[in-house]
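Common to both upcoming complexes is chain A, partnered first by chain B, then by chain C.
Let's turn to the complex of A and B:
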């Protein structure tokens, strides 16, 4: 007999429903326990409660300043990367020559560790936003180019034949068929890119910055304020998660047809 | 400018070859020793005639359709429509694809209007009215604002047919349009197609791998050999119209399907 058909008790249903949250809470409790029983000093591994109180030791306005600095760079880099990646993908899809010329260059850029290039970019462009935005852009645009190009090239041949049978101009084939077809692909690229954008902004702040969550974590660590650094890290993860979710919400709101069908 | 609306009642034109294939052959690989996909097809289709093409899988039926559509230019011979060689897709041709081929991001109505939107970049209120009339004819009015994936396969293919009719083509090319549907839906949509065809006469080239479907729907059947596809026979379907499920029970229907089956299935070779 298949066990899934057995009626489950109310408690079992609730446990099943909240399993991800329970797992997370369990993990935090375990962490707290290890810290207090093992008497681990806060400057090695702070306990969750120490991190929690460190969070309130920092003024809210300071948090918001750092948060905004990171978010600003991440979003500008992300926007720049969309502005570059989509036209570039269209060009590479339309022109075989452009694809042959640019693809190796993109691979080279992608396989060069951005962390290693970041200091050079700072030297080149200075210590202000432009260099941080460029670093973020470099780390985010490759997945976007790949997903957009793949989506457009995967357009079913019959849809292209429909366009050809109407002798429609090619820009309409791109705009009315290939790009809409690529929307689900583009959004999976955007989901990957937005989390990379946060990473890019933090990397840039590690190299040169006077504000931002990445800067705050580095600064706190160098003064051995480890609980405070952890609080910053958790803030960063929450932002990253929210950005990821926002992309999903935008997709749900603007392109509901592009979501996978629920069974 | 091509004339899409030639006088309907000109008997002479109706009986002249409207779509004509002469020595048509094609291969996808241009090298001289490359194998042919279709070979030596001669076929004259009269105006408003319903011609079905049957043949084993891979015999180049769809290739033939694409050459009539002007999507492919034959390597040998020539396809002409009304004495003009086909060198590019024509305005007076509508294509119904296998599996509906609807755009999932557009509503049913917008899918039907897509040919205008795609060709000219816009459509008028009048065009929208025409789309609504066509949807009504196909019994799709209540689905006009739904997305394609909310419709059954049969409904989707009705939308595909309606879309092909939007520009009021004189020639309707259908590439195994019902092959993805279940048997019951398939028979019903076939009869519906005949109703539409009776009301809006078109020259139809209907590709199928269903022998019964070909006999049930068409005036003539081109039977193709396996690859390289060539003409095995051209069969007159002398069954009275209108056709119905009664037609299927007639002895003549059985004779015709048997004849075609004889061509398609090779004689059994004992092991």
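Let's turn to the complex of A and C:
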């Protein structure tokens, strides 16, 4: 869009301002219309109104239980992957040998479909939180390692030379020069990872769980309650969006200087 | 010296506390379902809600499963102590590796596999399926028995067009005319009838048990380690479970309410309808002849014969009687 474009009338300004919301509302209305005019049965494509009423068929306390279960696993897996990925990237950045040894292994782990490995992890670690957290961690840590390493390697060489000429110890070089330079990269990695963390939690719940939104969706489909499954799906996308936004807020709050400058 | 006495005193006090609490606590048992909670899985929930397990001083934790083999794996690895799964799947697993799981109590004495079709399709018997499109789900145990039931009705697999699809999509596919018939368990009858009724159609059910395929199916299985280490607990559990099964099928509405109470997502009415529709799998002429919960040696042999044929295994691979142990049943 041309940034200098400014609509004249008040109405046109408002439409312009709320364009994303209006587009979304229009989409939902169209969906509802297709379902009611085409008489599409609920088990094929539930109408937005059926999904909306399905929200209230389930008690609020149950929704909260499922939401919390998924969120808990996603956040624990995410935290674990941060705890592994950042030190690992520092190690790989510092040691060329470690980089050569670990990188192929990481790629192998990343390219193995976690959905296929999940049942094996459950057999090994049991049906409780540890296996679900590990599954989530496996899905989320690769983007983090890649973005952190890239960020640290992109530090301007003159900065490194300067710190070396001042005989700065290596830990200061890492903490005071490389990591700050990597912050924008780390945060873009974190944004990708957090949405993957929700996917990881759901994959784990599909394989073994007694609660959580993934379990709830599978459960609803097994009873052919498709509107209810869609309602669960909407909750999932809401938490994904909220998590994604939270990462941005954290970045704005802690590292405002790392954000691209507004024109 | 004083300090040593003091700390050893404290230690023994602590040990005493721990042992007294464990003596007072009920025995913990982890129960494994082979699928998500539903009508056919109601007895264990009924046992908890009606206090049958508490009467036997048992504390039962229920874990849901994702299919027969998943449930077997969890019992074999000791993540669960006891649970329901297909005895045929157990025999097939035992024939291929020494799975430390044993069947202890029969539950479905008839197999739940069936064809479903709509009245409008003009199909009235299995023979009519010739040249028709039939949909099934990819991982159901029914698929293994399909060639047998077709053979018994003078058909072969080449006579039908078999497609595989997600279990949740089967009934909608049939109702929208994407397939002529589907393969599913009769535990779904109540749900399918409601869906077909919603579209103004009438459902026809053709159970395989009525067309020659008569065998044991879902049974109570237990991890062999659990049976060895805690035989008394196992006996008490089976006694309470048997009571719960009887209560469930005598009071389907109460069973629905009990399951709903523990799993609020489940609709109590659907559960009670499911229980009513599968009554014949649990109580039938076989149960009457052999006794509730029993396995007759002949029928075990027949079940194994079908399972071996269906899975392409040699009939000599195992003695099916080794998969069964009824000594833990109440006298």
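Just so it is clear, the second predicted complex is superposed on the first by the 256 of 263 C-alpha atoms of A that agree within 3 Å, B and C clash if a C-alpha of one lies under 4 Å from a C-alpha of the other, contacts with A are read in each partner's own complex, and residues count from 1 in each chain.
Just so it is clear, a contact is a pair of C-beta atoms (placed from the backbone, for glycine too) under 8 Å apart; a residue touches a chain by one contact, two chains touch by 3 or more.
On a predicted model such as this, the values are computed, not experimentally measured, just so you know.
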So, after the overlay on chain A, do chain B and chain C clash or fit? They fit
Open item on the list: Touch test for A:249: chain B only (first), chain C only (second), both, or neither?
Closed with: neither
Task = Tell me which partner A:207 touches in the superposition: chain B (first), chain C (second), both or neither.
result = second
Between chain B and chain C, the one with more contact residues on chain A is chain C
For the superposed three-chain arrangement, angle chain B-chain A-chain C (C-alpha centres, nearest 10 degrees) equals 150
Ask   = In the superposed arrangement, which partner chain does A:258 touch: chain B (first), chain C (second), both, or neither?
value = first
Mind working out whether A:166 is in touch with chain B, chain C, both or neither, as first, second, both or neither?
first
- Query: A:18 contacts which: chain B (first), chain C (second), both, neither?
  - Reply: neither
- Task: Would you sort A:183 into first (chain B), second (chain C), both or neither based on which partner it touches?
- Result: first
### Query
In the superposed arrangement, which partner chain does A:216 touch: chain B (first), chain C (second), both, or neither?
second
Key: First (chain B), second (chain C), both or neither touched by A:56   = neither
Distance floor for C-alpha atoms, chain B against chain C, superposed on A, in Å, equals 46
Residues on chain A touched by both chain B and chain C none
Within their complex, chain B touches chain A through residues 66, 69-71, 88-89, 91, 93, 95, 97-99, 101, 103-105, 114-115, 117-119, 121, 147, 149
Chain B partner, complex, touching residues on chain A are 156, 158-159, 161-168, 172, 176-177, 180, 183, 255, 257-258, 261
Chain A contacts chain C in the complex at 41, 43-44, 58-59, 62, 119, 123, 126-127, 206-210, 215-216, 218-224, 226, 228
Given the complex, residues on chain C that touch chain A span 35-38, 62-64, 66, 70, 73-74, 77, 79, 167-168, 171-172, 175-176, 191, 195, 198-199, 264-267, 270
